[in-house]
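By letter and in written order, the chains are A, B, C and D; residue numbering begins at 1 in each of them.
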Amino acid sequence: MSFVDYADTIKDGDTAIVFLGHESMFPVKVQHGSKTQTKYGVIRHSSDLIGKRTQILYSTDISLITMMLELKPGSIVCESGTGSGSLSHAIIRTVAPTGHLYTVEFHQQRAEKAKEEFQEHKVEHLVTVKNQDVCKNGFGVSNVADAVFLDIPSPWEAIGHAKSALKIEGGRICSFSPCIEQVQRTCLAMEEHGFTEINTLEILLRVYNVRTISLQIPDLGKAAEDNSSTGFDSSNQSNQGSLYGILQQGTAQFKSGVPLKEMVGHTGYLTFATKSLF
Amino acid sequence: MSFVDYADTIKDGDTAIVFLGHESMFPVKVQHGSKTQTKYGVIRHSSDLIGKRTQILYSTDISLITMMLELKPGSIVCESGTGSGSLSHAIIRTVAPTGHLYTVEFHQQRAEKAKEEFQEHKVEHLVTVKNQDVCKNGFGVSNVADAVFLDIPSPWEAIGHAKSALKIEGGRICSFSPCIEQVQRTCLAMEEHGFTEINTLEILLRVYNVRTISLQIPDLGKAAEDNSSTGFDSSNQSNQGSLYGILQQGTAQFKSGVPLKEMVGHTGYLTFATKSLF
Amino acid sequence: MEESAKLGLRIREGDCAVLKRDEVFKAVLVLRRRKVIFEKQWFYLDNAIGHIYGTTFEVSSGGSLQPKKKMEETTTETKEAGTDNRNIVDDGKSQKLTHDDIKALKDKGIKGQEIVQQLIENSTTFRGKTEFAQDKYIKKKKKKYEAVITIVKPSTRILSTMYYAREPGKINHLRYDTLAQMLTLGNIRAGNKMIVMETCAGLVLGAIMERMGGYGSVIQMYPGGGPVRAATSCFGFPESFFNTLYEFPLSKVNSLVSGTFSSETLPSEPEYNVPVEEESNGSLDEKQTLIQETEEESSTEAVMESNETEEQETMDLAAEDTEYKESKEKGNKENIREKQRKQQERRRKLVETAALLEEKNADGLIVASRFHPTPLLLSLLEFVAPSRPFVVYCQYKEPLLECYTKLREKGGVINLKLSETWLRNYQVLPDRSHPKLMMSGGGGYILSGITVTVEKVQSDASSLEAQKNEEPASKKRKLQELNC
Amino acid sequence: MEESAKLGLRIREGDCAVLKRDEVFKAVLVLRRRKVIFEKQWFYLDNAIGHIYGTTFEVSSGGSLQPKKKMEETTTETKEAGTDNRNIVDDGKSQKLTHDDIKALKDKGIKGQEIVQQLIENSTTFRGKTEFAQDKYIKKKKKKYEAVITIVKPSTRILSTMYYAREPGKINHLRYDTLAQMLTLGNIRAGNKMIVMETCAGLVLGAIMERMGGYGSVIQMYPGGGPVRAATSCFGFPESFFNTLYEFPLSKVNSLVSGTFSSETLPSEPEYNVPVEEESNGSLDEKQTLIQETEEESSTEAVMESNETEEQETMDLAAEDTEYKESKEKGNKENIREKQRKQQERRRKLVETAALLEEKNADGLIVASRFHPTPLLLSLLEFVAPSRPFVVYCQYKEPLLECYTKLREKGGVINLKLSETWLRNYQVLPDRSHPKLMMSGGGGYILSGITVTVEKVQSDASSLEAQKNEEPASKKRKLQELNC
């Protein structure tokens, strides 16, 4: 099964994701005779998860990149570096069946690993991998791309190459950098090369755990004889149309969306820009 | 009445805050014979609000600055620039009755305005205002301060002066800058001057409106004869221990903490550091 | 390059195009001899027709558009800058030109660029300002007096940004980055069979259709009389995209689930009192109304200098009520035979759509509506194949907490995740980089998950098991710690 | 400078001091001949006594502390840096020194600095790394092998940071910047009369006392047998601060409000079965238990090289249960006359506290507890003067929504505001500045407001009026838009 289609059943040689518990999932290459039946039922191949396997939190950025670069079926995209291929897979899925990805990776080992994976996932017809330095040699294509994505240490050195890879009538570019100094240089380079709509963004994901929380109702004692006008006690609270579903034995229970104690505080800055015709 | 005490009743010449509606409040200088009675009742002098009158959103930063500089009654503090005096007032309130604030303002008009206000608010014994350039002339005091606060365009030029204003045995410093480039230079200068625990923070306030929201229950029609196992309709929902207090006529009503559509996205970076004995 | 693709690059009469000035967008229908008002400027689009999308135009006198030549960055004279603001006393009298003076200049047809130059020359404080302050002043004035607009081709990026800025109420305050998350979490791509339930003016539908590129199929569930596609029609999709778009009334969902659905009962039901023409799929009839409101706007303020905060004009498009009325009137004029033919066609497609849903093999479900999400999810997930993603957007967090709980109770879903995103924009300028001073307070909340097969025999036991097991040991410990 | 102030600068035996290494804190009691374990290092504090707070020490062999001289930045040899990581293949074999080799070096008493040097020399990939990667490597190894700790004086800043990092459950996950907001919103300052209800181990109480500097008074409301002040005792306040600290049992609040309160009924009531010694105000008895756990920790791992994620040791202080038991035992040993004297003293102070509350003129109310905030607020606001601030912290948002609603219904409060803060830490380094990669997901929620006088006659009408009026027109319009 290709990474760009759904299938109804798991086939020999497929990569499937097995979920066990709340946050635990892993890919399994399905072998004849093995089972991926869990107590929750059969988990079938869901290819969108595989693309994320190396950088699961990156998907928040990938989402924004895909939309802001206006990727869709048929788009021609240039990317550097290929890295773990997590964005490459996302791009390929989006531009299939008629688009193409040109991805340039500086590190030889990684380039070869990516090539192998694209073959294994049956998407090699949608992608061209090159092992070269994008800052020196560019993408190896001219005036074909609708969009360019850069995730390299010195993106400002590749802006010229990015511009010439983009179509004559224009297109979109995105550069991902963890450090603000890289962003500063990249924005300058983009401006020098005549890019417009230069816009730097950052996106963070805040995940909430849905929990049932019980808070104790404090014991404020008895008001004795006189029940004053301000008296608030737990016994009459339940009659007042409280927010809470269950109120029992001095405890208020409610559902809460509780933020995780720790979250990813930074992945990188995303700088988008447009190449205009003029 | 002084800005550093509470009083039970409004006196002639006091500055009082009048609240009208949800987000509207303003200070009023009380004149004999005038009234500050509103339909909600009398609002008495609450001096913590007056300090915020010029930069109400700044109070989130002030809170963090006060705690991270370890300000308390008796602290000696140096500040530049005085600006609108909103932080000065907050510092004075915190270090009173035994501490002191030395505040240096470069702009002559502002320095005089601040001096007048301190007199008017009867806190002039707790503060010394100087009209000079802190980067050239420093704070005019040596080895007396427990804490130094900088809110000037080139804080890195004042780090040396800040160091010599701090007590020999050490103290805390904070620099507030809107731009990251200022922070970069300031951190370098702090390191060069031997400050430790250099730490840059940013704090943002997210305010929630508490609202009663009604969401319509969609009309999914009748399941006719057969009520299937998956059937979910609005009629039996109310029996299921729903989260919602009120559920009437196809509408679910609930309280929600709704974030404001727009919020302050940036005031400045806060860089804290410690001057150690060695 | 294909000829058709090349054609799409040029601005044509009848296109839905988007006007852009700085970060302000406005969708308009490209028509000849129609006055358009945008950002206090009025002009005609006639001259734009035939130019390539992305072209920047200048508004010249008489409201005609002229393509702007490549940025000859107007260096407004050698700047003489002050060193700091120590000597600047702002008395509100620093500008010697009055509002009337400026209006006179504009009336004479003086270009914006020249007006800015005159403002600088007549400012008593300009020379004393720092270089940074001078830059800022020039930028501000340029923005005010230079009448430059760019015409861009609509896309999900542009339309979702535009709607969020101009008409957030129409799209349930769905912020563009949240929409981006939904498209990725929903794994929207060519070849999918998607179910969509949205009340976002058709923006979410359009985003899904763009991402599917005409391959696969989309079934739009709709409340009330018919699907709303005002924003969908702005995307400028080729007609072929609409051949694989289906719609199905929400009010028939329960009967379809229970197996009692019948299309025969359809025409007599009350919700079909509205004329069928309403469901025009982005045809020109519907677009015709896009710009009707513009001419009612006062054009005089376009040249006024004022200190008021700028008000956004009401957007031209998505005037659903008006569309509705207009098409109704038209419907009355049309002959009865045509109406019957359309009703038959409609019924045929409804049966076809019901069959598509009954296959229960959709590749995903996207919900983004003003309705409570729980009943929608519990019903519509019936039509989704196992191991497929679903994504629900809600402006409020609380209904998604309930939805999460109910889905857990029902079972058949895993990987449930409730989240929101924070979006920060940056100003990146030499020595003056920082996050933008204002940011969006919230972009709404998303609940996403994946469907799984629950085998009937053990369904109850296993879903309980799943609930227990999905709270790992470490979580439980934490919870105890919290409540101790 | 006063002599007393100067004395506070020096580390003395019996002080509660805070150990600091990078951004990790741990509170300890300074005692001679007591082994302390911190960040996998063990040592004795004997040599630290007499040094000024803020001094940095190195741990030398035998666990003795030596003041570290001013940073001789160890420039580990001329660096020969690679230009990029193109040729680096990570095969996990780049370090030639084994764990045993390193252990042997440590056992020989070789200093951390030298071990780092040896690690660099024995790394096959170090020279190929970029300068940045080399720096990073050195920093990482230094942190691991250089045994450097700083002893700092406790403060709200340090204790609140420490508790949030090490024992968030003990302080209801109250993040330090949220505490900072509370102190400012509550207008805490010298001379106030504050009411505090907290179950944050006494941290919030301590923060308030620090900010009041011994001027004014604080009334601590407590649930159960007595107030918890484990964290309060760490601040090292002078004894005089405790003269103005009062406590009052929550279980007597309703009777006090209704005017039926009597101190005579007190000793026979069940909640006073616990011994009265429990409420020791940060005396040394209580502190004695602070470091008792440390010696149970394994000291062998301090010198081991391992790849495990570092686990935080349990904090030494705030071991309330143990304190409780110990003082109970001691209580049994003490003679009965002392016990009676203390009970009388306790009753006298209770009556005094009740009188303070009954004046209904407190300058503010701070609540930060594990209990539902609504009943606390509705009752305790009775004791607050008009025109004073109140601040409620809750780890969860939902209870504060209810609290907001109930307060609105009851009236007598204005300026109600529900908020949370986002805190972002930054790495600022030349060419490598960015927000830290991890951040806190949430620091809890705050509801704050100001009390007002509601005149009895018109109270109902005016509070209704207030409710209506506090939703301004613009808000109402927005709401309609949302729900359309």
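Assume a contact is a pair of C-beta atoms (placed from the backbone, for glycine too) under 8 Å apart; a residue touches a chain by one contact, two chains touch by 3 or more.
Keep in mind that what you see is a predicted model, and the values were worked out from it rather than measured.
Counted as hops between touching chains, the shortest connection from chain B to chain D is 1.
Counting C-beta pairs in contact across A-D and across A-C gives the higher total for A-C. Put simply, the C-alpha centre of chain A and that of chain D have 36 angstrom between them. Chain A and chain C have Cα centroids lying 21 Å from one another. A straight line joining the Cα centres of chain C and chain D is 46 Å long. Residue positions 173, 370, 397, 401-402, 405, 422, 424-425, 430, 433, 435, 482-483 of chain D are each in touch with at least two other chains. Counting partner chains per residue, chain A shows two or more touched chains at residues 180, 206-207, 213, 215, 242-243, 254-257, 269. Those residues of chain D lying in contact with chain A across their complex are 84-86, 89, 168, 173, 223, 249-255, 257-260, 369-372, 374-376, 378-379, 382, 396-399, 401-402, 405, 424-425, 430-442. Looking at the complex, you find that chain C touches chain A at residues 9, 52, 54-56, 67-71, 155-157, 160, 176-177, 179-181, 183-185, 187, 189-192, 207, 210-215, 361, 363, 385-389, 397, 400-402, 404-405, 412, 414-426, 428, 430, 433, 435, 450, 452-455, 462, 465-466, 469-472, 475, 479, 482-483. Across the complex, chain D is touched by residues 106-109, 153, 178-181, 206-207, 213, 215-228, 230-234, 237, 242-244, 252, 254-269 of chain A.
Against chain C, in their complex, chain A makes its touches with residues 4-6, 8, 19, 21-25, 39-48, 59-60, 62-64, 66-68, 70, 72-74, 90, 93-94, 96-98, 169-170, 180, 183-184, 187-188, 194, 198-211, 213-215, 255-257, 269, 271, 274, 276-278.
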